[in-house]
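Note that subunit A is present in both complexes that follow, paired respectively with subunit B and with subunit C.
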Partner chain A sequence: MAMAAIRREGRRYAPLLFPRPNAAVRSSLVSEEDVPFGARSISTQVVRNRMKSVRNIQKITKAMKMVAASKLRAIQVRAENSRGLWQPFTALLGDTPSVDVKKNVIVTISSDKGLCGGINSTSVKISKALHKFSGPDKETKYVVLGEKAKAQMVRDSKKDILLTIAELQKNPLNYTQVSVLADDILKNVEFDALRIVFNKFHSVVSFLPTISTVLSPEVVEREAESGGKLGELDSYEVEGGETKAEILQNLSEFQFSCVLFNAVLENACSEQGARMSAMDSSSRNAGDMLDRLTLTYNRTRQASITTELIEIISGASALEG
Partner chain B sequence: MTLNLCVLTPNRIVWDSEVKEIILSTNSGQIRILPNHVPAAIAIDIGILRIRLNGQWLRMALMGGFARIGNNKIIILVNDAEKSSDIDPQEAQKMLELAEANVRKVEGKRQTIEANLALRQARTRIEASNAIS
Partner chain C sequence: MASNAAVPFWRAAGMTYITYSNICANLVRNCLKEPYKAEALTREKVHFSISTWNDGKPEKPVLRSDTLED
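Entry: the complex of A and B
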């Protein structure tokens, strides 16, 4: 009875008499509200709960990484196949990002789902930088593909966005769908040059933001006359239609849809790759956290055993004499 | 002298090898390309591409696109391409019938155009698969 009373008293003064063990570690791992006021030390239950949730998170992120890896494998093949498609266009028409045009339209490609690292932010940053660089008397508008870029750009460039398209990847990507999309964009948007901003997939750990330029047929004509790479276009005999202008128009539309297809595929690859590495580092972090929590758990357990022993022994010695 | 022919679609490379000559069908008729052709950019219509190599003619169904001829190098970019050996005649026949039925019953300008396109594609595939020459 007396011992119980002393023990109860002791509990109230314990925080003052026994400064909480490992206070620094504990405050980073276990928040204050988990520990009931007046407890002598952290209960092992609290640490165990936290360990369980961290372990669950680690399992989930590991699974997400494997899913991303398998999706990456599937789509990487298609992206590489589609790369051969726009190279002839570049060889014929040249990729001239420095052409001076009045109306620029920036097509930003991003992902719909998150947890994929920083690729969407880089695309948005580059689009905004392009917008700033184009200067005072030129207009620049945006066409946004994908939810993530839409969310970021709507905040400060709402009036410049012409068209937004979301849920691109609901059905597996194929050329017909992208060409319909390209058709939509071409119909509704007036442009002199289209700049497509996307993340090009170089390897599983490296994605480089890239800009592809597609010029409208009038600009192509203009540049062809002035010489340079496009000047070679004049030396080509053009057949298969009524007029050269009609062919050039078709050519530029086809070029846009091919380049867009390639860009969308590469961006999807980069998204999966970035998600893989993000989930991988997240699982590793969770593993580290788990290690530290295990140490804390063991310390807590040993501390509580020690205090019980102390109580028993002091109680026994008090009884004796 | 041979031509180096490359047929590309958005999904894959359909053909990449040396050939003797090819016959394309364009918007303004059929064109035969021999080695040492002048550089040209040609718009291709939905039709048959005939390739000659080793004295044999091969057929391929192309669904519209572009061809670029450089010095003895031809690059053909099309929306879709199928070798005649890859086309199943029964299936092609069925698609043709479906397309014909579709053309008769659709209305609206856009759908009519699409249905007509589908019909021409089906016809081209049948032609390619029936080739004997």
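Entry: the complex of A and C
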């Protein structure tokens, strides 16, 4: 109270005794235009506004982290259960990423929403690397799931995109949806091998980009002749009235659908995990920024009080002397 | 594709194995009794928007939605 009274006294004499404050007094955070007009002391207004907005951002990112954590818990169980869908296929048909085919189609899976760290960029990077890797006389095209990868692909690989799919996560992910999608892809796309690029969820902090390869039945036949795992297919007995070619075709379609389902679920898990860690580091950064701003605020406040005191005391001594 | 073997009716009609198994699954889900049936039918909701690209230009996106699209 006394301070405020003294400050008011000082302000009354101030315009007579001192000219407008010079730039040396200002703190580096306060710019010329932002200080309220007519204020004699250094204004802490700007710093206070920044602190308020940083604090709000910190609260928002903390809330987003909680939301992502709860979504992750729900979907992680489903992703782990869905791994059992494609494991028998890999046991039967093998996963041969090194297969040499003419028509490659790369299915890139990404998220629709942002703020999830770097997972979409890594998926796109791997897809582009696969494209470059496949060599001169081979055709490689893209099928893109998710808005984020679409935005990145459109920049330089527009000609190679066959299909883009969006709004996949509007309803909770289920097998029916993914299988309808797989069906659409199979009907619209000619391929010898499908390479599905997604982020596999290993743990909350580790998501590794993975490629799963699904071969078309003709290629399976071809590879079967060259031996290896596929060559053992002939040792299986076929029941019922179907031929081996038909069974292979059914299996290949079903394999694609299962692998795609697992890939979409794992990618969704990785997205939530990445979002959790991104929001966590963002709240931590906001906290650090808030600490630094608080120090600046206190320094500015103390400096302004000191200058007020100096002005008042020198003014008073000038009057006496 | 060898057409000397008898092709199953659904493949002759243009369906893939995936569509066939989805229809079968739908039939099985419809056989459930009431509280479980509603839960199971929520697992069938399909919604996505797909758009084909020609030469670097996207066409108008087609929204595939509703419970089950064959």
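Couple of notes before you dig in:
Everything that follows uses one rule, which is that the second predicted complex is superposed on the first by the 277 of 321 C-alpha atoms of A that agree within 3 Å, B and C clash if a C-alpha of one lies under 4 Å from a C-alpha of the other, contacts with A are read in each partner's own complex, and residues count from 1 in each chain.
Here is the rule we go by: contacts are C-beta pairs under 8 Å (C-beta built on N, C-alpha and C of every residue); 3 or more make two chains touch, one makes a residue touch a chain.
Values in this document were obtained by computation on a predicted structure and should not be read as measured data.
Touch criterion not met for A:F207: it reaches neither subunit B nor subunit C. In the superposed model, A:S179 lies in contact with both subunit B and subunit C.
Touch criterion met: A:F261 reaches subunit B, while subunit C stays clear of it.
Contact with neither subunit B nor subunit C is seen for A:Y297 once the two complexes are overlaid on the shared chain.
Looking at the shared chain after the overlay, A:R78 reaches subunit B, while subunit C stays out of its contact range.
A simple residue count on subunit A separates subunit B from subunit C, and the partner touching more is C. Of the two partner chains placed by the overlay, subunit B and subunit C both lie in contact with A:N250.
By the touch criterion defined above, A:L92 lies against subunit B but remains apart from subunit C after alignment on the C-alpha atoms of chain A. Legend: residue contacts after superposition of the two complexes on their common chain; A:Y236 is shown touching subunit B, with no touch to subunit C. Residues 174-175, 179, 241-242, 250, 254 of subunit A lie in contact with subunit B in one complex and with subunit C in the other. By the touch criterion stated above, subunit B contacts subunit A in their complex at residues 8-13, 26-28, 31, 38-45, 65-66, 68, 75, 77, 79.
Interface residues of subunit C, counted against subunit A in their complex, comprise 1-2, 5-8, 11, 16-19, 21-22, 25, 43-53, 55-56, 58, 61, 63-64, 68-69. Residues 78, 81-82, 84-85, 88-89, 91-92, 174-175, 179, 233, 235-242, 247, 250-251, 254, 258, 261 of subunit A are the ones that touch subunit B when the two sit in their complex. Subunit A contributes residues 158-159, 161-168, 170-171, 174-177, 179-184, 186-188, 241-243, 245-246, 249-250, 253-254, 257 to its touches with subunit C in the complex.
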